[in-house]
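The chains carry the letters A, B, C, D and E, assigned in the order they are written, with residues numbered from 1 in each.
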Amino acid sequence: MSTLEIEPTVDTSKMQISDEVAIQIADMNKWFGTFHVLRDIDLTVYRGERIVICGPSGSGKSTLIRCINRLEEHQAGQIVVDGTELNSDLKNVDKVRSEVGMVFQHFNLFPHLTVLENCTLAPIWVRKVPRKEAVERAMHFLEKVKIPEQADKYPGQLSGGQQQRVAIARSLCMMPRIMLFDEPTSALDPEMIKEVLDTMIELAEEGMTMICVTHEMGFAQAVANRVIFMADGQIVEQNEPKEFFNNPKSERTKQFLSQIIGH
Amino acid sequence: MSTLEIEPTVDTSKMQISDEVAIQIADMNKWFGTFHVLRDIDLTVYRGERIVICGPSGSGKSTLIRCINRLEEHQAGQIVVDGTELNSDLKNVDKVRSEVGMVFQHFNLFPHLTVLENCTLAPIWVRKVPRKEAVERAMHFLEKVKIPEQADKYPGQLSGGQQQRVAIARSLCMMPRIMLFDEPTSALDPEMIKEVLDTMIELAEEGMTMICVTHEMGFAQAVANRVIFMADGQIVEQNEPKEFFNNPKSERTKQFLSQIIGH
Amino acid sequence: MADYSYVRKEMLPEREPPASEVGVIGWLRENLFSGWFNSILTVVSVVLIYLILAAIVPWLWSPTWGAGSLSECRDIVAELGKEHGGACYGVITERWQQLLFGFYPEELRWRPILTFVGLFVALAPVLFTDAFPRKMLWFTGAYLFLAPWLMWGGPIWTPLLVAAGPALGFVAFRFVARAAGTLAGVIAAGLVPILWWLLAVGPVAGAIQSVVPLGIELVESRLFGGFMLSVWIGVVAIAISLVLGVVLALGRQSDLMIVKYLSVGFIEFIRGVPLITLLFVASTLLNIFMPPGTNFDIILRVMIMATLFASAYIAEVVRGGLAALPRGQYEAADALGLDYWKAQRLVILPQALKISIPGIVSTFIGLFKDTTLVSIIGLLDPIGLTGSIRADANWNGIVWELYGFIALLFFLSCFSMSRYSMWLEKKLRTEHR
Amino acid sequence: MTTVTQPEGRSFRLSMLIYDSRYRSATIQIVALIGFLLLIGWLVSNTAQNLATLGKSVGFGFLGEPAGYDINQRLLDYDSRDTHARAGLIGLLNTLLVAVAGCVLATIVGVIVGVLRLSNNWLVARLMTVYVEMFRNVPVLLWIVFSMAILIETLPPPSAFRGDEPSASMLVGDSVALTNRGIYVPEPLFGRVDEEGNALSWRQGLGDVHLFGDSWIRFDVSLELIVILATLIAGIMVSGLIKTRADRIQNATGLRPTTWYWRAGVIIVPTAIVLWLMGFYLGKPELRGFNFGGGTHLRNSFIALWLALSLYTAAFIAEIVRGGILAISKGQTEAAAALGIRPRRIMSLVILPQALRVIIPPLISQYLNLTKNSSLAIAVGYMDLTGTLMGITLNQTGRELEAVMMTMLIYLGISLLISAGMNVYNNSVKLKER
Amino acid sequence: QMDDSDSTLAAVQDAGVLKCGVNSGLTGFAAPDANGRWEGFDVAVCRAVAAAVLSDPEAVEFVPTTPKTRFTALASGEVDLLVRNTTWTLTRDVDLKFTFLGVNYYDGQGFIVPKALGVSSAKELDGATVCIQTGTTTELNLADFFRVNNISYEPVPIETNAEAQQQYLAGACDTYTTDASGLAATRASFENPGDHAILPEIISKEPLGPLVRHGDDEWADIVRWTLNALIAAEEFGITSTNIEELANGTDNPEINRILGTEGTMGEMLGLDAEWAMRAIMAEGNYGEIFEKNIGESTPIGLARGLNAQWTDGGLLYAPPFR
């Protein structure tokens, strides 16, 4: 993993963390068939927090954040997002999903729609935003991710970095209060990683609550206010980034960090 | 482009250039449809020369060397290879092709044949070499490119660098007097570039006439005795490597070199 | 803001999922009753299955294997007091051999069986490339000539001399290619075997046979029938159409306008008309198109038309395979100095054909099913035979048992072939980089 | 540009025909063409010779002669004194009828089965798999024969409806009869009268227009039909306007007004009024003599052929649909779900537009197959093109060459039309891509 | 026209086998049994010809034909002889260029109805659904009959007799029409034959007989006189059981001429003297063939009717062997 050197211009002072709880996960368990993939997860995320999750492959990181917007169903325990409990009530699911944006490793843009249409689709059909307003909003966020000029192209015509930035803009257009990122940079060429991370840093500076699965340790150090290390479906260690990287407590963490950095 | 540091062990003294003309291109023009891709190309290559062609993408480098073994047909002017003019006479084409080996960017090995079979195919069927001799010859060249132990594997089982070396050995098995390389390293991971360049340097040391499209400037400086810069289908500048890199004459060349090195 | 620092002291063990998630209940909940819509679907399906089975099973269960005629069956069923009647299997007992082999002489039936078994042995090295040694391909080659001989019989010399055709073609190629170039060589290699087969094989085989009589009993193709006929038409048509199809596919991919349009015209024509019209050509017109006095028997004529039919489809399959190859393969072959035919034979076709095998298998399945159409022009394939069997006063009025038996035969063979082709496709997809 | 001309004095040599790339392709093509022409010539001369021996001549005069046979299923009027040409036309229309009806039903069933195969209901998915495998792996001819046999054996004969205690009864308020001779449904009629025979509407129907006089392509156009069609089209256009307006409102305010009842209304109400004005009523089938009379009779042969072809083709279409949906990666669904889009909208906004590009080309070639397979109609006595032109006409007149060739050319024409349609579609999709 | 060099007789004798076109399955007339041996009334004629020409009644290659393929098969030389319940009509004789060689079965198109229908005459069939076997003269006769009587009907065309029977029994058609012989054969295999009646109207003449191609009179003569020999044999009481004995010579010169003990009839036909004897021995005389395959003792149970000898009031009348 390339440990990106983040310039010290990241302005953490702006990143306010309130006392309000954004996500509350209690005693959550999940199985795939008989495979126990998430075990007794307890996690409280406050509004404005920026959390980075790391851990070896297969440790359940993706599954955890996919549970938060119910792309996966958990079988035991509780997940409360913004005061709404995720259970079999589909209305709650809809509510949570409209609060929570998600960005995937492989962008998952809709290839048959232009960039602009990708961004306006959900606002128009889910939020019932007038088209004009939706377009304005989309252009606003496309400017924010610095590709307003690509609005009329199709995703296939963009580079990976550009596509991922469109994906971020598409999520933002739904005005989410929480953003989930699942390894947003790991499918990108090195030159493009930076442009995506820059966009994410900007988001963080604006106070967005973020949970990000990533192995970009530079990003974690610069932006996160908490790093969570998972292994075998459990939260093994969590701490502030500085402490976490300089002074890991558990053996598993040490071993993992040495691998990542030695790489 | 990574400018590879070539060790100064390259023994240029061995690289003899004779007065004999290997390739003579005069006033050659080529169009793709109405697009004028090569314009008034004049080029004389002497036996034993090592020529590197560089230039921006789309400038016609590949097309030029593909004309030399008639993978593309030129529409005006003359190309004489080893005393044989390339014209509509198919016998001449066959003759030239058997004198000229070519290595592609994407290797183009035959995936259904083992490495050894890849190397013996053309000698047996084109040169009518007895199978035993063809195998011996193939093993000889596979040793030369340092992968005799892979002879019975299929190309799909090899790394990119190994595949490209097999491709070189395959060409050599036809005992060509001239070798053409079209960006032989640009599809390779950085670690593998060196092994392929080493093989090519070895070839150069043995006095093979070589024309190589590449952006590996280290290689050009160490091995080439002439660098040709193309742009817009024309030869814009040519010179000895030292002069070319340190003291480019034309604006286009300067601009190009600054891009390549600044990158 | 809390203090986040947290370290797990000991790792949690893996636990069993809650009972509602696994086991029978979990499975049922997840797969059958997740949500009201699914529950309704499940109930509807169960009812449907019950209705179908309730209608069929009692009918199927009927101990009539020994009955010698429909009326005997009726008596047996009536004795059992079955309300809705029962199947009459006596007809299968009596006629299954006919349905399988047609009128092929009983004492010679080992020959089609042997041919059929040989087919698998011959196909094995082609279809399961990894599991069988390449040497077995020799048997595959020999089988091409052995199988027709086994089926039709006659002097051993005929297949041997027919097999000599390709060899002669090769010699001709060598000779002519040296004297007049590859293209002429290829033409000669095509013409010589054809002339040899058409003009020389018959008399020469006859001559040798009169000196050294060696052979097996001749079986006329009119005796072919039943399922064997379907298989045999399918196999022969596919085998020959492979050659024709490759030629057509190359023609269609060619830069030469006329060659291309001739190929396209042929392919599109054949694919544009129903097979039944081609079979009508076989039954009513083919003899008119041939020189006066020529007389193929109807099964040969059907095979000819089926071959033409299959070759258009195979051509499209092979074309797909050719198109799937990257351009670099052609260029590398060119740069090595291989000429067009060598490049095709050594580099392009081996790869393209391998990619095409699933498509070829599907074409075969389609053709195999379509062979039932020959019943419409009076051939006694399984469906044609049902007519003849029902013309027997004993079995007049039988419907389901015969059709069911035939459907079962077709289902078993087509299903297993299509499974194989799917397996192969999956394998090729992972293999192909 | 300076062209280097070929050095002078290089005269033409014969070997250049093969070894010179300028002549080589021409040489090969001319050889191929000559070979082809020779082949054609050979076939034609053989044919001529054989026909001469048989004392036959080629000619299409037979098409103008009376056919002499009756056709039960026909879309245009026809009786046994009409010509063979008209019989052929009736057959062709029957072919087209069953092909179009088959394509429609096959698509509906295929899409449903394809989607259900992906259902997370284990039983349903299995059931659909069984359906697909069962139909795909048994020859279509068997299915056609089977479905005919099922219709004949399981449905009651018309006589079962007769008598004081009939063992079978009509459905849907005595207006639909399922019999083993086919299905009788009410037919639309105009100019309704009351018991005394007085017209109940302003017109006693409008009558028909006869086109093409007495020739073999003559046909009647019902004026009522034209009026209804015109009304329908006008309604649909107004409905389109309403949709445009709804779009506009949605664009402006984000809220889409509920307009479906308006849109349905402007189509249905005017049509209903027009129908009433013309005295529209449904003529119910009723038992008359040996058969049901009145109503529209969908014959067994048609239904059996239609069902068998549709269900058989549907099995293939189901696989195509399933493949098309699977080809759209799971990521697309997840991304849409994560945006809060509801499953049904995900289908219509994200999955289907993409899947259709994958699905439609193979779908159309299935339509082609279905059309070609409809030629198996003779197995159940449905008088399609093969049954008339290549069947009874051929058999009565002994004109094998002409009849078979004409049939082939007609089928070829249909196929080419369908594939031309497919090409147009492919090109239009391609344009959208980049 | 054919010249002598490709005479059918020579071709058949060269091949050593007679290619005979038959129905692919018609109860009593032609059908293969469980062992694949063809049996039936038409088949017997083929065997008789083979016996006459090749001295081996088994030297027949039976080519199953459908109504659609039969004429092409004969015209193209795929079969040497067509014996397949084919009606002798002017068009077939003249326009299709075939030669009919006599009549082996006088048939006529009739109707079968369930007795429950309460119909006693075909003229009462107004509006009925009629099953017909397509590709034959039946549908033309049917169209004519209903038109002449100015009544309507609904034709249901069906490919094979077996399917027609199935539809008729299920009530999918009110009546089934085909040659009366076929109707009788079909009715015989019903579960309750007594519930069905064959209507009195015979709406057509259907003389069924063997045919060959135009232009080879020698071959036509052989087949024609083989058939005549079978008929005459019955008239003169020559049966397969007494033929050996009669062949030793009798007082009846006509019998002697038929059996080749007198005269040179075989030679005239280009055969040997015992040709007719072999033909009769193959499956018996006409009467025996009839009884064995379709007569009253068989399930088909056809009465001789029109097919009785002229001496018994029928139409069978073999020209003199003289």
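One rule holds for everything that comes next: a contact is a pair of C-beta atoms (placed from the backbone, for glycine too) under 8 Å apart; a residue touches a chain by one contact, two chains touch by 3 or more.
Since the model is a prediction, treat every value here as computed from it, not as a measurement.
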Inset, instruction - Give me the chains shared as neighbours by subunit A and subunit D. - result: C
Inset, instruction - Go through the assembly and pull out the chains touching subunit B as well as subunit E. - result: C, D
Inset, instruction - From the Cα centroids, identify the chain that ends up most central relative to all protein Cα atoms. - result: C
Inset, instruction - Return the chain whose centre of C-alpha atoms lies at maximal distance from the corresponding centre of subunit C. - result: A
Inset, instruction - Give me the rotation angle that lays the C-alpha atoms of subunit A onto its copy subunit B, rounded to the nearest 5 degrees. - result: 165
Legend entry - Distance-maximising chain from subunit B - centres being C-alpha averages: E
Legend entry - Rounded Å distance between subunit C and subunit D, as computed from the means of their C-alpha atoms: 29
Inset, instruction - State, to the nearest whole Å, the distance from the C-alpha centre of subunit C to the C-alpha centre of subunit E. - result: 40
Inset, instruction - Report, in whole Å, the distance between the mean C-alpha point of subunit B and the mean C-alpha point of subunit D. - result: 59
Legend entry - subunit D and subunit E, separation of their C-alpha mean positions in angstrom: 43
Legend entry - Set of subunit C residues in contact with two or more other chains: 280, 284, 287-288, 376, 399
Legend entry - Residues of subunit D whose C-beta touches two or more other chains: 18-19, 24, 53, 149, 153, 378-379, 394, 400
Inset, instruction - Please give all chain pairs that are in touch with each other. - result: A-C, A-D, B-C, B-D, C-D, C-E, D-E
Inset, instruction - Would you mind writing out the residues of subunit A in touch with subunit C in their complex? - result: 17, 19, 29, 31, 33-36, 39-40, 44, 46, 75-76, 226, 231-240, 243, 249-250
Legend entry - Residue numbers on subunit B that touch subunit D, as the complex places them: 26-27, 29, 40, 73, 76-78, 87-91, 93
Legend entry - Residues on subunit D engaged by subunit C in the complex (per definition of touch): 15, 18-19, 24-25, 28-33, 36, 43, 46-47, 49-51, 53, 119-124, 127, 133-134, 136-142, 145-146, 149, 153, 372-373, 375-376, 378-379, 386, 390, 394, 400-401, 404, 407-408, 411-412, 415-416, 419
Legend entry - Of all residues in subunit D, those that touch subunit B in their complex: 1-4, 6, 16, 18-22, 24
Inset, instruction - Can you check the complex and tell me which residues of subunit A touch subunit D? - result: 69, 71, 94, 97-98, 100-102, 104, 106, 108-112, 121-122, 124-134, 154, 156-157, 167, 170-171, 174
